[in-house]
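Pasting the structures in now, so scroll down.
Two complexes follow with subunit A in common, the first pairing it with subunit B and the second with subunit C.
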Partner chain A sequence: MPPERAEAPHAPLIRLARRPWFYAATGAVLVWLLVVASAEGRGAWATLGTALGFGTFYVITGLGQMLVIAAGPGNIDLSIPSMMTLAGYLGMGLMGGENGRLALGFLLAFGLGLAGGAANLLLIRLFAIPPMIATLAAGLVMQSVTIAYSRGSTAKPPPLLLDAALAHLGPLPLIALGALLLSAVMALLMSRSVFGRTLLALGQNARAAYLAGLRTGPAHAAAYLLSGVFAALAGFWLAAYSGGASLNMAEDFLLMSIAVVVLGGSRVSGGAVSVGGLWGASLLLYLIVTLLNVWTVSAGLRYVLTGLIILLVLGLSGER
Partner chain B sequence: MTGDPGGGSAPFIRLEGIVKRFGAIEALRGVSLAIPPATTLALLGHNGAGKSTLMNILAGTLRPDRGAILIAGEDHAAHWQARRAYGLGIRCVFQELSLCPNLDAVENTRILHREISGRGWRRRTEALLEETLGRIFGGAKLDLRHPVGGLSLAARQMIEIARAFLPIPAPPRLVILDEPTSSLGAQAAEALLRFLPEAHRDGTAVIFISHRLREVLTHCRRVVGMRDGEITAERDAAELTPEGLVELMGSARAAATSDEARAKERDRVRVSLRLPSLPGGPSALIAREAEIVGLAGLDGHGQRASLLRLFAAAQGARMPDVRLDGRVAYVSGDRPREGVFPLWTVGHNLTVGLIRRIQRWGWLSAAQEREIAEDWRGRLQVRAPSIATPILALSGGNQQKVLIARALAAEPDILLLDDPMRGVDIGTKRELFAVLRDEAARGRTILLYTTETEELVHCDRTYVFFEGRLADEIPRAAFNEERLLRASFAHAA
Partner chain C sequence: MPPDASRPRLSAPFRLSPLAARPLLAALALLLMFAVIVWREPRAASYLGLRLLLNFSIPLMFAAFAAMAVIVLGDIDLGLGPFIGLANVISARWLAGNPSLAALLLVLSLLAYAAMGALIAARRLPSIVITLGASFIWLGAGLLILPTPGGAAPDWLAALLRLHTPFVPLPLWLAVALALAGQILFITSPAGVVLRGFGGAPEALIRAGWSLIAAKSFLYGLAGAFGILAGLALTGINTTGDANFGTPYTLLAIAAVIVGGGEFAGGIVSPPGTVIGALILLLSGALLSFLDVSTDWQLSVQGGILILVLALRALLRKRDAHAA
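What follows is the complex of A and B.
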């Protein structure tokens, strides 16, 4: 049949366009080209490097948010920014700028992440509070602790940590490589592990998951715990990356952690995720800000345009 | 025809040759029924006889495909709808409660009766509702300003019934009561039945659907029996005995096809569930190795709840009245709500039931999953281009094959089937029952809840449920429809 044959070469492209991450990734490339064009070709790789550096933090927090959202309608973690600031402050504070206490600070951040996730779970499961309210409340508590603690304490990272945060391997930031590795593990976990399968089944149809004999409780718990840990580690590294913790260092992340998940092609109502899309969306969002900065657009207009672009990509990718 | 208290007047509403199809299924095949004014007419029939469809048509929530709806000589069939039925004085109390749980009784009343308006409507409605409740149920005290979701089932049912009988704008001409007494307490049920003659004095006719035969005989004037979408008989209640009522619903059929070579008696008890029993009924549900055990009776009388209890016990819930020996899998016939994972392929939907068994350190092998999925796709002849096809691209019957394959692939000792053939075509049904018989012969225990009488012929034994209790246990050799009907209506043989 000739007509079908004529269409055959297009088929892979069409299939590509149906991938959930396609629009975010394409958008990221386009915006990057625009940035490069606006700067007349200078600093193309440097821009990409910086985007990868900052984008990394979106990706890490997005990974946690993605797991939580995957667990099904209503699930969301709004404590991420508070978790980041808390872990950043307390981690830097415990180390007190000393290289020798690096491991200690790292462990503290990790433990705080677990504790934060557990607190969210306690409110959601034991007290049956909707996740949106439970995580917001838990976040408020974390924020208060941070504010109380932040008075008169140093929040500078130890020199060794600062070096590590800013280190590059060739053109790539070291932390981006770390996040890439983490993403690969998560992608594999979601597609090929009992945990991933259970979480996605729970997100699509909780009743069917129970009747299929899956143990959904532990998977649901793991999603929130991992989200807490990822947020805490992102906060720890962000504090180091930006030369010290500050109270408002993570305020972007409430919206961004959700935006990268949704823009990246994961399903808002749960049950389907895309780790690749998380990277595309993170780079896109960072590069948009860069582009608008290059064009010296005012801060207010920048927010408006960022919002419009998010809506545009969501509308294009459709069917959610 | 009969001397109704309405004074031998013409019927309030007359249905003629009503036909209603749902896809390939003919739910009503030419039903003609005249409803006299100011009498109570009982409607009897087993699951799927067409009672609910007929009542939905009367209430205007369904429109007939063919036939006439005659009121005062005028045919309304072409423009029949709920608002029109309401305007003509037809009210309906359905079995599944239709009150909005977040609204109080007064607000729920306002939703049905749009005439209520103007200043002080709450106060006026409350007073009217209270008066009607008093007339029907006597002194029952109900909180009419509390969201009904927080009230007991019986209280909600009372409100719903009072709402239907409310004289707004005039007393109703016809009230349909679909199993009203099953969720009311004994006292309230009795009060409702005693109220019916009073309603007739206002000119209200009542259609009464019940599975309690004694109620029907003492409180209804006419009895209509339905079966397979047709009216099989119409009699005066005075002429009938409970046996006669059972016969109205269907003729006794010959015993089911005799057993194949399952002589090898095995008696290892796999499942035991203690349940309250009716006089003469068994005291526990027992299922042995290599047995197909049927759960029957009218829909919603504890069969599904029993299966869910067994499953919960298998998942580790503490159930002192349950004893299980072996692993358990569950298949529901409610595919969208309880079975299918809509975003996944056939393969993932199939293997999800056994991922916990084939994991190694929490990881799954793609090759192994593919092998298992292909194997079961072949064994159950799932009609799908490949295991990578999205599950929603399949027909209902083939989706159900995937769900049954999911359960069987997990190699359960005990298979719980909750009306698994719902919406499955006859050919697929036959294939699936062949598979199930095969699996039972290999030693699996199968518990089958079904609302279709014909499916019970596949069962070695059948337990009949009535209001959460066991009414009868029928061995295959003694199975016939009459005995099933008797037990379903709590009239043990």
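What follows is the complex of A and C.
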């Protein structure tokens, strides 16, 4: 069942409230207003800019996870955090802090992403290993390569890359702009292209998609490859953004990449995605942390409230 | 759909059904790994050697059983690790000084786990999402109780985990006991048939008059109980508490169930296989130090063993499909 356009005509507001991304986006706006109110109106745009900067990394990894989850029940990519750290470390290491080798490092990260995605695919398709275990195992290997490599290597970004990662266009971080562009392309691909429609059909009913003569294999493969590439690029930029790669820089992203997908209104059993929802959910999750920091709440309470909000939003948006 | 259901049972008496072969495959892998370890370090086979080698298998076996109780339903629990961490900090903070408070909190957290199962069943929510949301709550609660690592284990708990059992060390006795109890509860008993049925064909059981809510509450409650046991075992071994201690167990426990022959689709698990899977994952960590390889590569070996066991299983399945 396609999630949108299927309902009888309703008042516009009710129709809006039925959009899968509605709750996360509304929540993000509400929390932002709360942050602004708590700071008595100061730094409203700066807060939003910071949220967009950090949120970018949730969005980019979420995009990859979303494609994989869209491919149907059981599909998930647990190698995302390991991929990020690997690409961050090896990318920074290859550049060695020199501006001249920027393109080289970027290409390496891109290639690592493709290779990681391909390794996941190989395990899933050729060895018929369930995606959850295949990506877990591939992630373990990536993690240990990173650990072995990290001994005595430079993890600092070249100055030019650091500047680019922190650059702003008005209140808007440049990387957020890039992520917006990428999201727009992905949203278009998912709704208009043969690849997107095939991937969604595969997620809704694999057998029906096969019988309809759709080429589901390449779409499934592309989802995993793109997830690898997105994770690698996110890791590359995150390492630059935070001034250097570290072994635990991506540990949040295992659960967060899944959380932003499901909070954003994509269906966890596949076949329905929402790119707009990814942004809503990413900003919501980051702004909650900001708000609780403004209120000087302890880390423990912050996690508890994050969990409650995830459960609340999912409860409100109902069954998927 | 298990391929052996449609085939006449007695046509090939010497061929194991593929489902029964899975735990055997895992057992073979475990024996091989143990053989390598003993070849490199013969003292590993002694009572004390085994004990040191298998010390941390106790929390992992309990965690794997917790994951199994959820996987048998076709569900996935992404919050198990933080929940184990929560049980760890509750017991480290209060079990020695204020045992009744610790017991009360542990029972409450067990009930919360069962309630989570009821919620997932009643509203037909995807387990992966609810347990993911809950994982933040367990971790946060753990950090609220112990913001920094600390606390202590009560003497009786530490002594219990150091118990000198006859013939073989405690972890091996526990492995056998868990495998037997699990086999009875999940496989041979009538209740086990119903519980596995809820993973394989829930609609059929609901139509037959069984309650999905009751089944999920029970199995999530069971998962909570095993999670608490894993947390207590961690407290007893480490004699301290840390809300983050449990985190790796989420995925290790799931991997143990699958290596041992379980299926994500639900309805198919092997309790003895799960015990073996847990031991495989534990030894895969130790194997390298005996082979004089840098521990940097430990995770690679763990990943590689996961891949190897599951790829072999897929190969067996293919051979079986051709033979049928």
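Definition applied: the second predicted complex is superposed on the first by the 310 of 320 C-alpha atoms of A that agree within 3 Å, B and C clash if a C-alpha of one lies under 4 Å from a C-alpha of the other, contacts with A are read in each partner's own complex, and residues count from 1 in each chain.
Here is the rule we use: a residue touches a chain if its C-beta (ideal position, glycine included) is under 8 Å from a C-beta of that chain, and two chains touch if they have at least 3 such contacts.
Treat the numbers as computed from the prediction; the structure is a model and nothing was measured.
**Q** Regarding the shared-chain residue A:Leu181, is it in contact with subunit B (first), subunit C (second), both, or neither?
**A** After superposition on chain A, A:Leu181 lies in contact with neither partner.
**Q** For A:Ala137, is the partner it touches subunit B (first), subunit C (second), both, or none of the two (neither)?
**A** second
**Q** Output check: A:Ala208 vs subunit B and subunit C. Expected answer is one of first, second, both, neither. What do you get?
**A** First partner only, subunit B.
**Q** Applying the document's definition of touch, where does A:Ser193 land relative to subunit B and subunit C: first, second, both, or neither?
**A** A:Ser193 sits against subunit B, while subunit C stays out of touch.
**Q** Now for A:Leu30: first (subunit B), second (subunit C), both, or neither, which partner does it touch?
**A** So A:Leu30 meets neither subunit B nor subunit C here.
**Q** Once the structures are superposed on A, label A:Leu104 by its partner contacts, choosing first (subunit B), second (subunit C), both or neither.
**A** Once the two structures are laid over each other on A, A:Leu104 reaches no partner at all.
**Q** Give one of first, second, both or neither to describe whether A:Val268 is in contact with subunit B, with subunit C, with both, or with none.
**A** second
**Q** Quick one: name whichever of subunit B and subunit C touches more residues of subunit A.
**A** C
**Q** Quick check on the superposed pair: does A:Arg151 touch subunit B, subunit C, both, or neither? Answer first, second, both or neither.
**A** Once the two structures are laid over each other on A, A:Arg151 reaches subunit C alone.
**Q** Name, in rising order, each residue of subunit C that touches subunit A in their complex.
**A** That would be residues 76, 78, 123-126, 128-130, 132-145, 147, 243, 251, 254-255, 258, 264, 294, 296-300, 302-304, 306-307, 310-311, 314, 317-318 of subunit C.
**Q** Residues of subunit A touching subunit C in their complex?
**A** 74, 76, 78, 123, 127-130, 132-134, 136-141, 143-145, 147-148, 151, 255, 258-259, 262, 268-269, 298-308, 310-311, 314-315, 319-320
**Q** Hey, which residues of subunit A end up touching subunit B in the complex?
**A** 192-195, 197-198, 200-201, 204-205, 207-215, 267, 271-272
**Q** What residues of subunit B sit close enough to touch subunit A in their complex?
**A** 311, 315, 328-330, 332, 337-344, 348, 352-353, 355-356, 359, 362-364, 366, 406, 410
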